[in-house]
Amino acid sequence: MAWLLALLQTLLFISSAPLLAGWLKKVKCRLQNRRAPSIFQPYRDLRKLWKKEPIIAHPASWIFKAAPYVVLSTTVLTASIIPLIAVNLPTAKIADVVVLIGFFALGRFFLALAGMDIGTAFGGMGSSREMTVSSLAEPAMLMAVFTLAMSASTTNLSEAMKYVLDTGLVLRPSFIFAMLGLMLVAVAETGRIPVDNPTTHLELTMIHEAMILEYSGRYLGMIEWASQIKLMIYGVLIANIFFPWGIAQEFTLEALGVGAMALTFKLVVLTVLLSLTEVIFAKMRVFRVQEYLSFAYLLTLLGMLSHIILEVQH
Amino acid sequence: MIAAYLLLFIPLAGMLILSWVNDSHQAGRINIRFNTVALIASLWLAVNVLLQGPILSNTQMIYIDSFNVYLIALTAFVGLTTSIFSGPYMAHEQELGKVGKKRLRLYYTMYQGFMLAMYLVLTTNNMGVMWVAMEGATLATVLLVSLYRTPESVEAAWKYFILCGVGIAQALFGTVLLYFASEQIQGIQENALLWTVLYKNANLLNPSVMSIAFVFLLVGYGTKIGLVPLHNWLPDAHSEGPTPMSAILSGLLLNDALYAVVRCKMLVDGSLGNHQAGNLMMGFGLLSFLVAVLFLHRQHDIKRLFSYSSIEHMGLMTFAFGIGSPWATFAALFHMTTHSLTKSAIFVTVGYASQLAKTQRMEKIRGLIHTQPAIGWGLLMGTVAIAGFPPFGVFASEFLVLIATMDDYPWLTPLLLLGIGIAFAGLFRQIQPMVYGDVPQGQLPIKANLWPVMIHLGIVLCLGLAIPSFLGNWFNQATQLISGKLPL
Amino acid sequence: MDITQLSHYQQAIMLLAAMIVLTSFLMLGQSRLLRLVSIFSVQGVLLAITTALAADVLNSPHLYISALLTLSLKGIFIPFMLHRLVVNMGLHRDMETLKNPARVMMGGTGLVVFSYYVCLPIIKLSPLITLNTIAISMAVVLLGMLLMITRRQAVAHVVGFMSIENGLFFAAVVSTYGMPMVVELGIAFDVLVAAILFGVFFFHIRTSIDSLDVDQLNRLSEVEK
């Protein structure tokens, strides 16, 4: 039963990811006074890409073809270990949050390799930039995660959420810092403004898009889908770790329904926030990204320090 | 008791009145009168304390014992003689067009403001108020350092302001910790910061808090003493401000900051029961002494020269208080007196000398004794006194410091001796040509009132020959208070 | 005992403490003067709120007065004065390029760790967990100093100086529930006078070196030029 539920939750996760992307686009268009496409547009895009024949460059090796599969499967696996609408699911027990970061790193590694595989200038540039960004973002993310782990005395996501639920509303300075830091990291890692702009293909500024410039058809579809799932993963992480209220703790229909509603609400709020920042801020120069990420690192480091200094009795 | 209140009231009234007086000659005279009255009040207070023992006011805000009453008298005395000098000196500066009427009004007002802050530091029983007054002294003098508004003086004042402000902020942190330690034993009370209360309970105060607090207090007040490496403001502020300012900064402010440190040390010693605070003070003191002595040789500005000499002597006193034995404490108290008197006398003479030569650059000041013997002799005698030549009091007090060091830390005596020797060479190498050298063309005598110098040096000479019994008694009492034992 | 056992008011004090230290860091990384001044004002307001909360939790009415003093001085008057001075002197367009902002920030976190280390013996003394904030207050003091060291603008120095005062005040509030009233009033008076004098000094410095870059205040030194 529980396993079935876990499977269903994962399916729900990956299938609703394009919906989240569509909704995000819609909010952003509204904020910019543009006419928005339907929120189901990402599904149509994916279907279209799926049908198209992928064209592969001559110098491409097996890595180029394998990368989309690796990226998608690691992302789906990651999605499966994150409690979406219920905690205590068996999948969540298998792996903890460090594994999650490892999965991300694995997917990114292959994507970077694939970017360089063809040998075009853009692919290499994108890969190098992506690795620079992630090498700065990962420590910050780890720091945020450790802060959480120190408070909850576990690195398991599900248990951590349960801990936060059990202790009720506690104004923890460390959580606020970790949350802010994680938000900044999420923006960088999912390639949103102000770090990267997913909608342009301007040579000088693109990071993520430069790597996948050579992909087409099915492969491109997989990568797009994976990045939509990734966006959702970050959203769910932030929403459920720091505001876990509403998530189902027992597997009744009623609790699960409430969990789904709560999650929807939280994600809606988060996406509105994200699109607001995207509208307000302009994209940074690539060289400023380092400052931005060191600020994120600083925040998470302060989170950990304030946990050590303020929150425990010596 | 009335005398103590009077002592605080007089400079306050002086401030208010002088801020209205536009005529600068008259303001100078009024300033002298206020300081005279303050001196009388302080003597009255001193007699009271000597006869009746420590005084604690009804509100417990004022506490006067033999330690601070002697400093009060010294402060009032140096304040008066410097004001006698400052009247004609500032009038001369006004004639030269260096300062305007408005700024002179500011000068006299702040002179009294500074005296008020000094008296408050010395009389208050509350460690918090002591901090407030100490910061107040900075605020009162900072505009005086930049009185001439030259780029150099503005720079000196800015340095003084920032360094002393930041430095003394550390002392506030120490005071907060002091309050915290005190509250640990008696709960939240308004009187938990009173020195008398703290001192009574010193052995109960938590040692680890007190040792951390003392580091902050020493660094904070030490900045004002001019301890190396926090001394950078001192030569600048002394050299760029008006000379009477340098005299009272050197003669009074540094002493009072040291007074604050010693008060804190008494508490920390009571709490810790070991020599940790003393060791810190000895370290800082010795470092300041040696560094300042070496810097004496590099100076080109006469006021900078003597301000380094001030750092040197303050270092020596801090060192002696740090040793903490009755002899050393006695020596330090004695040295405080002789140094204050001599140094303010020297700054007065230096002021005239630089007015005479129209510069503070030492290589341009020549032949003072030929142009105006009084100034030449004054400078020579002052330097002889401050360098520690035998008949003068500074010799006696330095000698006592050396003996006290010999008793407890014999291996440090050579260092001190070496330092005194280097300082002597540094001072005389520079002073000798200024006093005896060839007279530059067109150097004319100026109107100078050297009575304050004569009186100061006369007292220092007498002190060097014999300490009057009442003064000796006084020092003995203060020594007993600080070190717990009589020196003899 | 940890933070979960505290009341929400006390938790809020902890949170505000963390926010105050964050504002110190933001000041370190801020290159525009006007923003620096506004962050400083935010810090003052946070400090005032903390004091008011502490007054409520500890039931000591005199802290309300200090909260009011802090709010009016550090939250409103001094920032307002600095803001006006910056605009009047035409400095609001200037940007100070920070050398190695990341390194300064990391140095700042080092200072936080250092102050924690120094304050640990004090923290261990008391069962009150709110005392942990004393390490934060010392960190704010040290960060203020770091701000002064890394900047060349006189205005930034004043902001650093005042934020040191904020840290000290915060220390007094959290460790001893404020100083005795007479001392607190005295300190407030000193801060007020200092702020006004700083304002006067800006004009003096500008007339003497034609800028507020204190690196150019280098006439007095031991090395003869």
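A, B and C are the chain letters, set down in written order, and residue numbers restart from 1 in every chain.
As a convention for this text, a contact is a pair of C-beta atoms (placed from the backbone, for glycine too) under 8 Å apart; a residue touches a chain by one contact, two chains touch by 3 or more.
Predicted model, so just to flag it, every value in this text is computed and none were measured.
Chains touching both subunit B and subunit C: none. A simple rule picks the central chain: find each chain's mean C-alpha point, then take the one closest to the mean of all protein C-alpha atoms, which gives C. Separating the CA-averaged centres of subunit B and subunit C is a span of 31 Å. Note on chain placement: the centre of subunit A and the centre of subunit C lie 37 Å apart, centres being C-alpha means. Centroids built from CA atoms put subunit B at 66 Å from subunit A.
Counting partner chains per residue, subunit A has no residue touching two or more of them. On subunit B, the positions that touch subunit C within their shared complex are 61, 126, 128-129, 131-133, 135-136, 139, 142-143, 146, 149-152, 154-159, 161-162, 165-166, 169-170, 172-173, 175-177, 179-180, 183-184, 188, 190-193, 206, 208-209, 212, 236, 239-240, 295, 298, 300. Those residues of subunit C whose C-beta lies close enough to touch subunit B in the complex are 60, 118-119, 121-122, 125-126, 138, 141, 145, 148, 154, 157, 161, 164-165, 168, 171-172, 175-177, 179-183, 186-187, 189-190, 193-194, 197-198, 200-201, 204-205, 207-209, 214, 217-220, 222, 224. Across the complex, subunit A is touched by residues 1-4, 8, 11-12, 14-15, 17-19, 21-22, 25, 29, 101-102, 105-106, 109, 112-113, 116, 120, 123-124, 127, 129, 132-133, 135-136 of subunit C.
On the subunit A side of its complex with subunit C, the touching residues are 167, 169-174, 176-177, 290-291, 294-295, 298-299, 301-302, 305-306, 308-314.
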